[in-house]
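Taking it in order: structure first as structure tokens, then the write-up.
We just call them A, B, C, D and E in the order they show up, numbering each chain from 1.
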């Protein structure tokens, strides 16, 4: 493996009985990278992370950290530290003792450990909190203590298992940005798991999308969003319209799909025949009051607004459109003649062939 | 790794196995065997059902047995009825400090020896006791009144002794009922009675069963309270066991009675669980 | 230090006597209080271990010994037999002999009779009077074998004569049981401990009871209305003994204790403490006049002659009695 | 529903009076200058605690060797019971909550069983069994093993037989609440298994260990039914009290009872205070 | 009151000790309306709703339902039903029994109650679920049972206390739309409380924004979003930039604000002097590569991108701008030359005076 990777998993599989929770997964994380694993609940994310931390043994495959195989190395000897979903702060210790715990385990003297813990608290913005009980902290503060407890050990790699899951919405928004900043500041490699696509997109350098024990796609947030490799990635990452149909014709990556409800759609994809799934992002749907404005688009329809979902900047429209079995979702225009569109009004809509990804169903 | 693991597991289980084996299972096997040995001559015993036959043919014994069973059920029901409003108050009305106080006050008397409590009742109830004295002082009675040495006194003493063991599981069960569920019961138009019957009681059922089982067990196995408070007419089945062992030196007969008492209590507990569709494990954990 | 574990009745080993013994011999005495049944059951549970000296009544030795082997034969040579009243020693030896070996020697003796509050219950003169409606709810006796024997005599039967014939004895006991059951509604409670009864008599909760003579005399001295009365059908005479458990560990100390206790001056003190008479030869001379006077008042010459002494209880008899007593207690 | 009616409140008040009446009566009459624990009030005295017996013929509790030795015996029983209950209870709790093996549910049910065995039956069965073992050993070895005969060791075992269940339940309940990721976190931070146990698991269990110990102590102190069948020549407090009560109580029993109440009250307050501090 | 209102609160106040949890609140809900009360945690929403349901008594004021005062009427006699935050399904009953409960309380016969429960289950899309234990339902299904349990009683008014709070993100999105549809279908008046602005905006006909026991503003979602009446509403409803400064000049509703960090901003508002708070929505911030494109805007600045928060359609930029103490937040353009902008690039930004609301601080 290249010398600049911190973590390499090679064909790692973990069987629970006959069920493969993690199925032949291979990937590398570069030094200093913020790497996320994104997938729905139960897809095997935690199992994967626990194997890296050393709490489970892979059924087969190899786990290497800085090119040293970790197979057989117990958890307390690995140069990785984990931030648990439940945070797992020690309630019987003060904040300072929590942070100093790992240092004293390593044999660092009491005084030095305390001093380093104090300095770490300062760096995560919790100066003077050392004496507090961990139960007397807010959610965001606990979060930072959990991360500080890992970082003080200067690990090669920090594993984070949905650390924001327990926080409320506003705090989560805030911690997303803070976490990313912390990672930059300490320049440590982070492997982060989450089922929240927004978290993964905002924070990560690269994301692996995981489903049923396998990796579907690994790439940058933009790659995943704009060029999903599989239907699963297309529908899991970001809001999207999704229609099922059959390939009517295909050539050179241009595909025409016929929906069972009659619509004919033009998009792009590697499928050449049989059943197909088509995906279009709501923001890619262009709206107009008259058909002429959309004449350049290969996909053009007329529909009627069935719901206006006003949500400020994130408002959208549901448009009942002949030929489609469900309403088409589009972004509500914030300006222009369509800004004030109401339920029941007719509207023209369309999108380019590039905006529509077609996959074999 | 694997054999070491199994050795550790075995070592960890050893105390439990020793405990259950030496203090529970083998002793019960022993009295079971003992209960089937009948005396034919001094120091000569042989296998037989004589001790059980004796129980069934001697009305005295099975009457005491039945009496003990029936009175224990009565005590359990009375305790349940008396304890429910208290548990309800502690669990759902009292707040914070008051609640903790009420519960602690409930606990205190019960950690003091059963004998102390019984002594208190004897002092209150006897002919020369406090209540009798007060009745005469206030002119409500012209003669000393004897309230001790009757079944009423026994039931009173047993109910008193069982209350805590009813209140705690009941309060636990009631406490776990979400306030909003009760409110929903009212919100949808339920009266107090409907809410109690259809929501509160079904929810508290594990607690009711747990409390009832414990109270029943304590009552049926009680010895001091019926002996000390009971009158010349009342005999408790444990007294029969005691008598066979201590005053009659007839261990086989006593062992047979012991087995019968065990069967009785197990049967009633089992029936109670079946009737209310609860399981023993969860029930006892509740307590 | 050396230790003597003594299982005995209340008042038989007063603290000052124990202290004196310890002073003389250097042996410490650990006293456990009990009654006949519990003494035997304790020894039965331990197969005769746990104590070095016990004091059951003379009639309760041979039977249990035959069944459980809980006693050790007494080495009479280690006892100073001239300390005992000879006739009593002989009688006791006879009753406690099994297979030619002696298992008990006498210590304290006394009688069972009636304690009567003569003011409140002037008419009580025999056991049957306890069942008189005039004292309904205010009489008491123990639901133990003495009551059965006493009521048998009071109703013209001779239980001791039937000891050998279990069937006849069972029939007799059934009759007595019926009589007692009838009497039961008159009874306030079946008394259990001596002080319990005495307190009830003192307070007036009970006005007449079948009980030990000593209790009656004790109350007499507090309240002249209360008297111990030898019943018409005869008081029951009992003798408490010394016996050595089969696994006693300190027989020497036990013999020392017996000899010490039978010394007239010691025996007199114990007798005074227990309020009973002693089998010690010559102790009566040292005893205070009061007990003698009380005895004289309760036992005119005829009454002394009428005392029924318990013979040894053959095995099996207690089972018959036990059932009758159980029925008595349980039935309503 | 949340506003209690006056009838309900009165009932609660009456209940607590009912609950404490017997105890108050016992406590008050410990100071009555009368040889009997019954009214009328004859004046205040401490004779039943510290008297030498010159006044009422019987000495006060603190001067009476019978009471003193039985209090001593109670401690001789309760302390080992509490210690063993906590020790073995912890191991049992561990087996119940952590170990995986076939027959675990059976074992768990078995551990609950002692709770549904009447105390007297527990007592006689242990008495009978150990007596058989002792007899057998006696025949085989020709030596009598005192430990297996009624006496302190057997009382300790008898009480342990059911108190262990309670201790196990208390500790297991706490262990169940333990978030295992705490242990993993400690391992992850580099601690050895022994260190994890010492710095994370045991501190977490501490309140339960303490609580189980106190409960075991109290239960042992007040146990009567099982003890009655197993006691030898050294009776603990309840047995002595029972004997004295059958004999007809003197206020000395009240005095002992009051001391017991104060002791229990003290222990209970320690318990309440520590559990509050824990929160 | 007008005959077409279902619920009227008149000067309702609720004191807990000295603390007024609800402080002099007055409002009406029209027949068939979907009315939301939106406010942060602890502002008194639940207390208000509990007074309407009859679980608390107002300290003062009147609560009228269809013109009948409810003061002194116990909860089980009021023609309102409540969907609790925790749902409060009866775990000891089956789904069918849960729904039939209210009917049997009213004395409806067993058979009829069962039948009506079955029909109601069908209408909420849970046909055949009658026999299930409520514990055997998914979150969304439980949700629907809770609502069905109220609707089967045909109440005048349904109260809903954050009923979606316990659901996960994707399900919440879905249930928002479903709830709104159910309300339309049954044509029942809904009073809905939430602390999630997106829920309130998407579903409601009218929203009351509540803060510290008082109503700050009552209006349609668009009114609240575009014309907030108070700084609290401006910052609580929708994402926004917020700056503190002093009024430099004001005339005729046009206000100029000087930030302490130097910036001069032009906006509109009713404040004429002293400290001022200015609010601009990220989507109102126009971006351009050169200053000329923004020359028509009164507020024009140049900054440097400090973070790209890529989140699909909801992506935004943080722009470090001289004169401002925090980065300005703007929507990431999805198309055009700025679509691929990266951290560190310079950018021009600006907004109209109308887009900036100024309030007295």
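Note that a contact is a pair of C-beta atoms (placed from the backbone, for glycine too) under 8 Å apart; a residue touches a chain by one contact, two chains touch by 3 or more.
Being a predicted model, the structure only gives us computed values, none of them experimental.
Shared contact partners of chain A and chain D are absent; no chain touches both. For chain E, the chain whose average C-alpha position is most distant is C. Averaging C-alpha coordinates per chain places the centre of chain C 91 Å away from that of chain E.
Distance between chain centres (mean CA atoms), chain B to chain E: 56 Å. As a whole-number value, the distance joining the C-alpha centres of chain A and chain B reads 58 Å. Computed centre separation for the pair chain B/chain D is 17 angstrom, with centres defined by C-alpha atoms. Touching of two or more other chains is recorded for residues 203 of chain C.
Contact of a single residue of chain E with at least two other chains is seen at no position.
Along chain D, residues 36, 38, 127, 246 each make contact with two or more other chains.
Every pair of chains in contact is given here: A-D, A-E, B-C, B-D, B-E, C-D.
By the touch rule above, chain C contacts chain D in their complex via residues 5, 7, 10, 15, 30, 32-33, 42, 45-47, 49-51, 192-200, 202-203, 247.
On the side of chain A, the complex with chain D involves touching residues 53-55, 74-77, 80-82, 84-86, 88-92, 101-102, 105-106, 149-150, 153. Residues of chain B that touch chain C in their complex: 42-43, 58, 60-61, 63-64, 67, 126-128, 144, 146, 149, 231-233, 235, 240, 243, 245-251. Chain C meets chain B in the complex at residues 37-38, 40-41, 44, 64, 66-69, 137, 143, 184, 187-190, 203, 205, 315, 318-319, 322-323, 326-327, 329-332. For chain D in complex with chain C, the residues that touch the partner chain are 36, 38, 65, 127, 131, 134-135, 138, 144, 146, 149-151, 232-233, 235, 243, 246-248, 250.
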